[in-house]
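Presented sequentially are two complexes of subunit A, the first with subunit B as partner and the second with subunit C.
This part shows the complex of A and B:
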């Protein structure tokens, strides 16, 4: 197991490095004018701009820059921001943002996991009854209607009927977080509902459930003790992934409600050409993604001892 | 399966015994009988069609979808204003829907009716192009990826690398470096969209790749493409159809998200996302700016989603006969 973990981690590091290298080189394809604000472009002479770029080492060939970047990375130095917060270390810029995203994300994850699983179980238990159809209609609605429209509807309803703030504000965090959290949970609840129901229905047809019923277990006990435990295994696989990704934030929700989080940081950084922030954020996203998948696999083996990550003997 | 009786003419029980040639003679080859399997009446697509028609709600929905789609073309003509003749007019801003402006006017005083229908049409066109492109590329590459073992490593690594970077990064870079237009948008969405489809197909191919009938087929010298096309793809049709059906609503959603963020289509190509982006600051006070595009696009995506699901069920051969 230890050997397997080491191998997986090593592979992940290679993937992350590959990803950041690609992004690094892609960023260097853009003309150097992007390094300046429009104001600077007008004010500074060509010579001044040239000097500034040369001083920052941005005129060397991309590969020289790449190796310098690797060196810094080995020293755990992610560089400083150029345009978003001039001269501030990247880690500090990110540190100020990711808590905002993570708080919203974790709250809505908790809500949607709870609601989604409970509703999914109820749907499976009362399959083909009225409630089940309502639930299915809800999942179809969320899946088929563009998210942007769903968010807009939530915004209009929330702001007009409940007089909730339509923009996130630092002064009134609790009240202004309600609509973003509702938006985030609304969509992911549907996902958990759909899959819980699907796995539960699959499990319900198996023999051990018939045995449990014959033993005289109550329907509720069968549902929660037997079926849900088995049905939850495939769901658990994605849990660490979605927990870690809350750090990344949701781009659309954050832009929609002007939340100062990680989601907007990435696009801002790219469009304002803050290369060191883009690279750091990419490393963060990629590592979180890779780590999330790995932790998901581990969690799955913990919940269900029948699953093994290392194959025994010869399998195809 | 009537093979034994077909071979009867070739058998001579108890004849001679002097040489093998006397005992066994070649059976007469009849092409029709060799190809004869089960029910002659069975045709795959006809069964699909029959199954689909049996699902009444889906048939009704597909009518709704088709009529709406055609109407996006008609609407521009019957409205009081042509889309390309719209001019900003300060005196006409934020008029509620009335006789002249059926969907009201926007913040610049332009007719909203023509904008909404034109946007819906753009969104559907983009989604259709992207959906089909994604599926074609995804299915072809997914088949090869799953079947040819030596390519598995390469594509898996490619998938990991592309999948681990938020697509937003690529889209932003493309918007900055190449620009924004309908064509660029379509091509880049296809470029990033085929991977999940290919991955899905690859996992399905793994299930069928080493079945005995394929082993037999390989031993008989069947070529790569024929195996993929005739032996494996037919198993995957309902999956492919389902992915296509889901890809169109999700492309419409994704396009609106990207355009809302300013990374999708350019401002002069109105699409759902651009309309909602322009309306974002105003639709709390003028809800009609949200309601008309929202209802029209939602009806389109929901009907397509349900029809696609129904059609995919009809494609599953297990529901036939």
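This part shows the complex of A and C:
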């Protein structure tokens, strides 16, 4: 296990560095005009633009810039923002945001995981009954209706019927988080319902379940001790990944409810060509991604002892 | 008799307003901004965007401000004067004004030297990256030279500069703590109006010493020092900012809110939803929401639709005189056609833009009519006549709420015929292809372009011109303007200071600081001699007007002649002013309303009503305002 962990860690570091290097070099392929706002392009002369780029080291060869970037990175210096918050260190810009996203994301993940799995189990248990059809209708509705329309419905109903705040507020976190959390949970609950039901139904049709039933095990025992445990394995693999990615926030929900989280940061930074922010966010997302996959693998082995991460001798 | 009548009318209107006067005013104002307009800097000396200046103008005071009629009023300067026709200007600062931190703790007194520190920052290329330096460098002695000096210095040396070299080179002097003297390059009778613009704003020398140059570049709401009517007590990016009344503010006579909260919303639709649930005190309506309310008399807000006042921007069709094709070669057909005066005049007279104006203001399109290049309310002659009215008299047009008065189908057709004959003789074939660019992701702009295209078809005919709607992805400047691909642009100019030169100077021929000529029309690259002669004539008229510094009336009238010349030769075609519709608890007529500068969004002396104003209230506000103006 230790050997596997070390190997995966090394692979993860290489993957992250590869992603960051590619993104860094791709950003440098764009014309340097993109470093300036429309206003600056209007007002600055060619010479002034050249001077500014030179002063920021942006006219050096991309590989010199890359080397300098890694040198700074080794000193935990991710640079300063050019556009999102002019002159402010990137760590400071990101710092306050990921906690907000993570808090909302974890709450909604917990809600959707709980509701999704419970509803999925009930749907599987009462397959083709009324409750199953209702659950399926909900899943189809959530997936078929465009997300923004669903969010608008939640907003209108929540704000008008329940007098909830229409947007997130740092001065009223509890109440103002309700609508964003509901929106975040809606889609993922449907996802967990769908996959739990599907895996459970698959398991229910397997021979070992028929045998267990023939041996006289109670339906309850069969469902929870055997079916659910086996059906949960594929879901569990993505659980750490989902939990870590809550830090990344949700672009749509955060934009819709003005949540000051990470969700909109990457797109804002790309559209404003704030390269320091883009690089830092890419490092963060890539690291979270590989860590999530790794933890998912580990979790699977804990839930299902039959799964091994390293090959044993004499196995085929 | 006239006076008595005016008095009675005002009295009657005041009585009719009595209902609203007794309505409960808003004490904690909640407004919104879309997230695309989030602030990027808190340094008012660096900012060049309304999204920041609309907030920061409430936090920091400059030398002067404006009132709700656009008049200059004292700010940090109690009085100001020039004794030599505008060459040197003396500003006498008020005593006892405090710099405070965001929690209103006193930090220092505002003194004349703070304005020196402010201007040094603006003119130091390494500190302010050339932002806001164009006007002081054009107007003040030694300003351009100091900018060039800092440009040559190594970064560290430039950032470490104090005031010694600056005072030696630049025409600004702190005579004592409360007297500030500017020396202009030439007499500039309008220089005082620049006192309301952020390029001349102060920054405390003590704050600079505390933060250092790098710290000042990254100044944040909680490290900034304030001297304005509000301090920013909360800032959460893309969420909300809260401005709180500054208890130490020098002007105790003004009315302010206890707090102003600006909520950052995803779209106007969300803002409208929030207005309906009482979470916002105002909302500007998009076309869909406006039409829904307007078409339904039973709608709860039908009687609360209020037409906003025009923004300070004047929108024009800017024609391109050196257009290129996508392969980089000159677009000979277009360049030849647009240099022909009859071709331009066929647009000027032959186009009825009413439907296009309907895209700006769906209810009252003709209220957005704009027949002049300069925006109204910028300056007036001593008899109170607006500068724009002088221009309108010269071109013989008056706005009407019934018809688009510039439109003259017969004249347009005659010029079309003339242009076709003249241009055919030069080998131009018809129809002329014209390329107009809009952002591909902007559906509203695409729809508007479609209306414009239809207007060309209806008014001038497809045998004459064909408008091709083309799209750019992200940047008009990089993707369209730099390669000179557009045949024309529609863009608006808002003045930075109070003089017609700030408008007309942008269109002159052969001048580096003529923004529109250099960046859009590319007239300096045109080759048609008749066109160049007209531009030179226009430029000579502008120069002649600008040289009149001892008689403002004569100056403005001379500028009006120049502007009329430009319009009558259709060198630029005036198009519209922006007037939107809103639901609001704020009387716009009580707000600062200046055609230049950064003062318009100061949350001071606003007359408000928690219940929101009705359409009738607003009609009365407008009448009272106009009466009081007289």
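One rule holds for everything that comes next: the second predicted complex is superposed on the first by the 284 of 316 C-alpha atoms of A that agree within 3 Å, B and C clash if a C-alpha of one lies under 4 Å from a C-alpha of the other, contacts with A are read in each partner's own complex, and residues count from 1 in each chain.
Basically, a contact is a pair of C-beta atoms (placed from the backbone, for glycine too) under 8 Å apart; a residue touches a chain by one contact, two chains touch by 3 or more.
Note that the coordinates shown come from a computational prediction; the quantities given were computed from them, not determined experimentally.
Visitor: Subunit B versus subunit C on the shared subunit A, clash or fit?
Guide: Verdict on subunit A: clash between subunit B and subunit C.
Visitor: May I ask you to decide whether A:48 touches subunit B, subunit C, both, or neither, giving the answer as first, second, both or neither?
Guide: second
Visitor: Please indicate which partner A:255 is in contact with in the superposed arrangement: first for subunit B, second for subunit C, both, or neither.
Guide: In the superposition, A:255 contacts both subunit B and subunit C.
Visitor: For A:86 in the superposed arrangement: first (subunit B), second (subunit C), both or neither?
Guide: second
Visitor: Would you check which partner chain A:170 touches, where first means subunit B only, second means subunit C only, and both and neither mean what they say?
Guide: Only subunit C is touched by A:170; subunit B is not.
Visitor: Per the contact definition in the header, classify A:159: touching subunit B only (first), subunit C only (second), both, or neither.
Guide: both
Visitor: If you stack the two complexes on chain A, which partner ends up touching A:136: first (subunit B), second (subunit C), both, or neither?
Guide: Touch partners of A:136: none, neither subunit B nor subunit C.
Visitor: Between subunit B (first) and subunit C (second), which does A:230 come into contact with in this model arrangement: first, second, both, or neither?
Guide: neither
Visitor: Using the superposition on A, tell me which residues of subunit A are in contact with subunit B and, in the other complex, with subunit C.
Guide: Residues 34, 152, 155-156, 159-160, 166, 255-256, 271, which sit in both footprints.
Visitor: In the complex of these two chains, what residues of subunit A are touching subunit C?
Guide: Its residues touching subunit C are 31, 33-34, 38-44, 48, 51-52, 55, 80, 83-89, 97, 152, 155-156, 159-160, 163, 165-171, 255-260, 264, 271.
Visitor: Under the definition above, what is the set of subunit C residues touching subunit A in their complex?
Guide: Those residues of subunit C that touch subunit A are 35, 40-41, 43, 46, 48-49, 125-126, 129-131, 134, 151, 155, 214, 217-220, 234, 236-240, 263-266, 269-270, 273-274, 276-277, 279, 474-478, 482, 515, 519.
Visitor: Quick check on the complex: what are the subunit B residues that touch subunit A?
Guide: Within the complex, subunit B touches subunit A at residues 157, 160-161, 163-166, 168-169, 172-173, 176-177, 210, 246, 249, 252-253, 256-257, 260-261, 263, 272-273, 276, 280, 283-284, 287, 290, 293-294, 297-298, 301-302, 304-306.
Visitor: Spell out the part of subunit A that touches subunit B in their complex, as residue ranges.
Guide: 15-16, 18-19, 22-23, 26-27, 29-30, 34, 140-141, 143-149, 152-153, 155-156, 159-160, 166, 248, 251-252, 255-256, 266-267, 270-271, 278, 282, 285-286, 289-290, 316
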